[in-house]
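Some structures to go through are shown next.
Paired with chain B in one complex and with chain C in the other, chain A is shared by the two complexes that follow.
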Partner chain A sequence: MSQNMHIDIHHVTRVEGHGNIVVNAKNGVLEECRLDIVETPRFFEALLRGRPYTEASHITSRICGICAVGHATASLRATENALGVAVSEQTRLLRDLIFFGEMLDSHVLHTYMLIAPDFFGVGSVIPLAQVAANAVLRALRVKKLAGDLCAVVGGRHTHPIAMTVGGFTHLPSVDEIKALRERLILARKDMDDTITLFKTLPWPRFKRETEYIALSKPNEYAFIDGAITSTDGGSWNISEYKTITNEHLVQHSSSKHTKHKRESYMVGALARFNVNYDLLHPKAKDAARELGMKPVCTNPYFNSAAQIVEMVHSVEGAITICDELIARGITPEKPYTFSGKGGAGVGACEVPRGTLYHNYEIGDNGRIINANCIIPTGQNLANIEADMRALVPQILDQGQEKVTLALEMLVRAYDPCISCSVHFLNVRFI
Partner chain B sequence: MQPLLILGLGNPLQADDGIGCRVAQELAMRAMPGVEVMDGGTPGVGLINLLQGRTRAIIVDAAEMQIAPGEIRVFDARQVQLDRARDQISLHHCGVADALALAGALKIALPDITIVGVQPARVEWSAQLTPRVQAALPRVIETVIEQLGAVP
Partner chain C sequence: MKPKVAFFDFTSCEGCQLTVVDSLQTHLDLLEMVEIVQFREAMSERGDDYAVAFIEGSITRESDEARLKEIRARAAVLVALGACAHIGGVNAIKNLAPLHDVRKYVYGERAEWFATYATRPISAVVKVDAFIPGCPIDREEFIRVVNALLRGIKPPIPDYPMCVECKLKENVCLFDKGGDCLGAITRAGCGAICPTYGDGCEGCRGLIPNPNRDSMQSVLAARGLTPQDVMARMTLFGSYEISKT
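Entry: the complex of A and B
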């Protein structure tokens, strides 16, 4: 077989935004291997500068239809840290609950609709719906539960409206929480069926050691707040995030790359799994065992398996919180009122795709002076390229078609979100 | 029976793509018995779950129709070809066309859907509608209200 190869995948499908994969090999030697990002950068700071701090979470939740709760939460935590706002135990519980909902929502879509088609050898979820209708219907059922959970707590489907600085403008009733709990209990069967399906699928085998970074807390599997923690050792306050991310420009990408102790690091479900495995719910650990993974798992394709583990964890975590909220009842709480003193603060969350940072400076007039945002995909780009460079020489003799598929599947496994959410209709009148 | 749904779609951070959300925000302030107004943002595949179980829905969205910016067209989702590039389905970019195609493949019954399409001038990162689409806002709202009485 020829040891020359040129791959130029223009717009990788089933990932968010526009990314191109370029590979060049000559006489069996890899000469070039990169992931080009051709999306225009987002104007995050410009969107927020001059706006009242109360609008920041609503604006940023529109950046993304999938991580709307994640952006809103990171935004609120940044503002709360900037203004010195303490939140109640009830607020913490409700935020954890809605976060479990978003994690479930995002992961079920990614695993079933973007990853499963590769395993079934079909081009997208539309033909998948023909060969495995029950699986796709299951995904939609879980998505509906997750979406309804987010609507009950967040006050609206897709983009939460009730989440505000210091708490919630609208609170769910205990009856609504009870109804959610019943449905979460029923969703356990869907989780079991998900594990049964995915454990039989042909997961690609590939390993590469790297640095995994995730937020961590002493007593829970961290999604909101925590300390930035690395599998290479070390733990940092979120206010020091720039010493971890070290953003730098690279020529072929309009998105900045990041690096910490090595040339790259990974964030996301697999990174959380590797950093925080001990704090997963026992049922989630069972799921990991069934899927054949244990920490430290260095196969990036297993990021999707780690998402399934987190789906189980999220269902169980949400049930636990519902129980707690039902037991303690829902108490009306006064929203925060501005003290007239601004400040600066960082908010960090583990959104479905990894660690998300928002950093705001707010003036004494309550308006945003500066804003910075580092999204998970930006942090993963350098690591995806490092994986590609390690993978291609191992499989170069398998031919262009297989190498192309392996690379596309690798990029999809990271669940990248290169740009977010513009989806206007293209219409032809017939 | 679930109420008729007026669903505004789009991203208000993408200039004219936000027209559907703006219309939903305006209509949400009016009391309309038997009508539910929702600012759906960019729900992706979740659109199926928002529509399922209803008998009628009016979707307001920016639509590339090759006409002048701010112009409005009303059509039944079945009357037109909604472009979806094969295999391009993704979570964020999954728009109305993809969600309806998936519902069709799964034989999920959807309501009668009327789409009120508004031609955008610009779709790029900006929190404001362009002047021509902004000027069209009252007419879009009027058009949606006219559709409430119309039989699909």
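Entry: the complex of A and C
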């Protein structure tokens, strides 16, 4: 077997955005191993400057078509923290509910439509429908439920409408919540079948220790707000996010990289699983056991398995919130009106791909003076490259085709969102 | 033979392509009618023989122009998918400030590493045969357009204002509720979804033909909006369109 290898995957498929994988090995020695981010820069922070604060969540939801609710929520939390706006219990519940919807939507898209084709040896979900029709129909059914849930709360999933500073411009009816609840109960069967399917699939075996970072809260598996928490120990207020992320530029990526204490860290479903396992719903813990994972899990390919665990958690969490909303009823509430006093604030959420930070400074005229957004995929880029550097020497003797597939699957496992991070994926072996 | 269809993206969030995937949830039969040969976000297969190309995203750097022109040369029908491709979308907000300031604000002293120029819709670079407006596109409208293309007729995109649809929905006008809205000058077709959910139209579907912008602006001013606020409303999605009229 040749110990020379040149891989150059231009525009990696089945990921969001444009990235290239570049690998170059000579005489068995890895000389080059990069994930190039070639997405066009979009300059969102610059777009926000000078805009009314009320537009921020609508502009930044356009960072990402998949996690638009996550961006809107992080944006609203940053604005609310900047302006000192308190939100009601009803608003908190509805935001938690739409967040569960987005988590379910994004994870089912990733596990079934982007990841599963690799396990079945096909190129996409379309041929997958020939070999595993029931699985594809199940995925479409769950995805429709998740999208409909988001639509009931926010008007639509991709770029929610009704979410605004201090609350909502439109509230769902109790009848709509009841109808959702019935469908969520039926989705439990789909979750069981999902676990049955994925636990039999050939998950790649690879381990590498790294630092895992996620938001955490004392009494719930955190998605919105919380303290920044690391598996290496330590917990920080979200206002200190810059001491964790330490953004820096590298020339081969239009998305900035980050690092904390080590050369890289990981965020996302696997990081949340590792940091907050104890707070998962009991059924989600059962799912983890079935899938053969327990914290701390250091196989990055299992990020997709952690997403399945979170799908179970999200269905159960959404049912619990529906019960609470049905019991308390929906009360008309007025969202916030501007006080004439600006300020600065940070908002943080665990969006499907990891910790998302928005940080705004707002003037007394209600206009945004400065903005900063730190995106999960950007935080994972250095960790993906560290995984690639550890993985390639282990499998170099398997030949170019297998190495290429292993690397594509590795990058896909992180569920990168390159438009978010700028834009991303191609594997180039040069 | 089924028509071959391909999807491509430039500067965008890919939310319109995701909306295409979502529209299949209720229209699986559509997959029987066409053959998708390229859709990078969703599939690994890459065919370069296609009749219809759907393009998401705006054009923001020179190197993307050649790729777009190549797609144009291959495709018999080229369709702009969503606001970024159709009118530049939110990406065009950056055109309002000097480009070097925008680049420096995000990438600091390393700004020159990452190429960019003023945002343009794809029609500024190639001939566009049809467009599907919106941020994101409307699922049902996407299905209607594909249906029309399959039958070889002009896609039914409304050229009347969103207010018409809002009235048909029997919504109380947001101006009567103390709010504001661009529905009077914005192209219909979304089912007035934003006013229905309590938020004023943001103009993501672009201007109707012959919009009375002066009147719209004086109505907004009468509502109490400052000239800066009026400008913000008009430029959220309309930065490129406004610069051309």
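Criterion: the second predicted complex is superposed on the first by the 418 of 430 C-alpha atoms of A that agree within 3 Å, B and C clash if a C-alpha of one lies under 4 Å from a C-alpha of the other, contacts with A are read in each partner's own complex, and residues count from 1 in each chain.
Following the convention adopted for this analysis, a contact is a pair of C-beta atoms (placed from the backbone, for glycine too) under 8 Å apart; a residue touches a chain by one contact, two chains touch by 3 or more.
As the structure is a prediction and not an experimental result, all values here were calculated from the model.
With both structures placed on the common chain, the touch criterion links A:A133 to chain B but leaves chain C unconnected. In the superposition on chain A, A:Q251 makes contact with chain C only, not with chain B.
Of the two partner chains placed by the overlay, chain B and chain C both lie in contact with A:V125. Within the superposed three-chain model, A:H170 lies in touch with chain C and out of touch with chain B [touch as defined at top]. Of the two partner chains placed by the overlay, chain B and chain C both lie in contact with A:R62.
Legend: residue contacts after superposition of the two complexes on their common chain; A:A86 is shown touching neither chain B nor chain C.
Contact with both chain B and chain C is seen for A:L114 once the two complexes are overlaid on the shared chain. Of the two partner chains placed around the shared chain by superposition, chain B and chain C are both touched by A:K143.
11, 13-17, 40, 42-43, 47, 59, 62-66, 68, 109, 113-114, 123-126, 140, 143-144, 147, 156-159, 420, 423 are the residues of chain A that lie in the contact sets of both chain B and chain C, per the superposition on chain A.
Against chain B, the residues of chain A that register as touching in their complex are 11, 13-17, 40, 42-43, 47, 59, 62-66, 68, 105-106, 109-110, 113-114, 123-127, 129-130, 133, 136-137, 140, 143-144, 147, 156-159, 417, 420-430.
Every residue of chain C that touches chain A in the complex is listed here, in rising order: 10-19, 21-22, 24-26, 28, 31, 36, 39-46, 60-61, 64, 89-91, 93-94, 97, 101-103, 105-108, 110, 113-114, 116, 135-136, 193-194, 196-199, 202, 228-229, 232, 236. Chain A meets chain C in the complex at residues 11, 13-17, 40-43, 45-47, 49-52, 55, 58-59, 62-66, 68, 109, 113-114, 117, 123-126, 140, 143-144, 147, 154-159, 161-162, 164, 168-170, 249, 251, 254, 367, 419-420, 423. Those residues of chain B lying in contact with chain A across their complex are 9-14, 16-17, 38-46, 48-50, 61-65, 73, 75, 79-83, 86-97, 101-102, 105-106, 108, 115, 117, 120, 123-125, 127.
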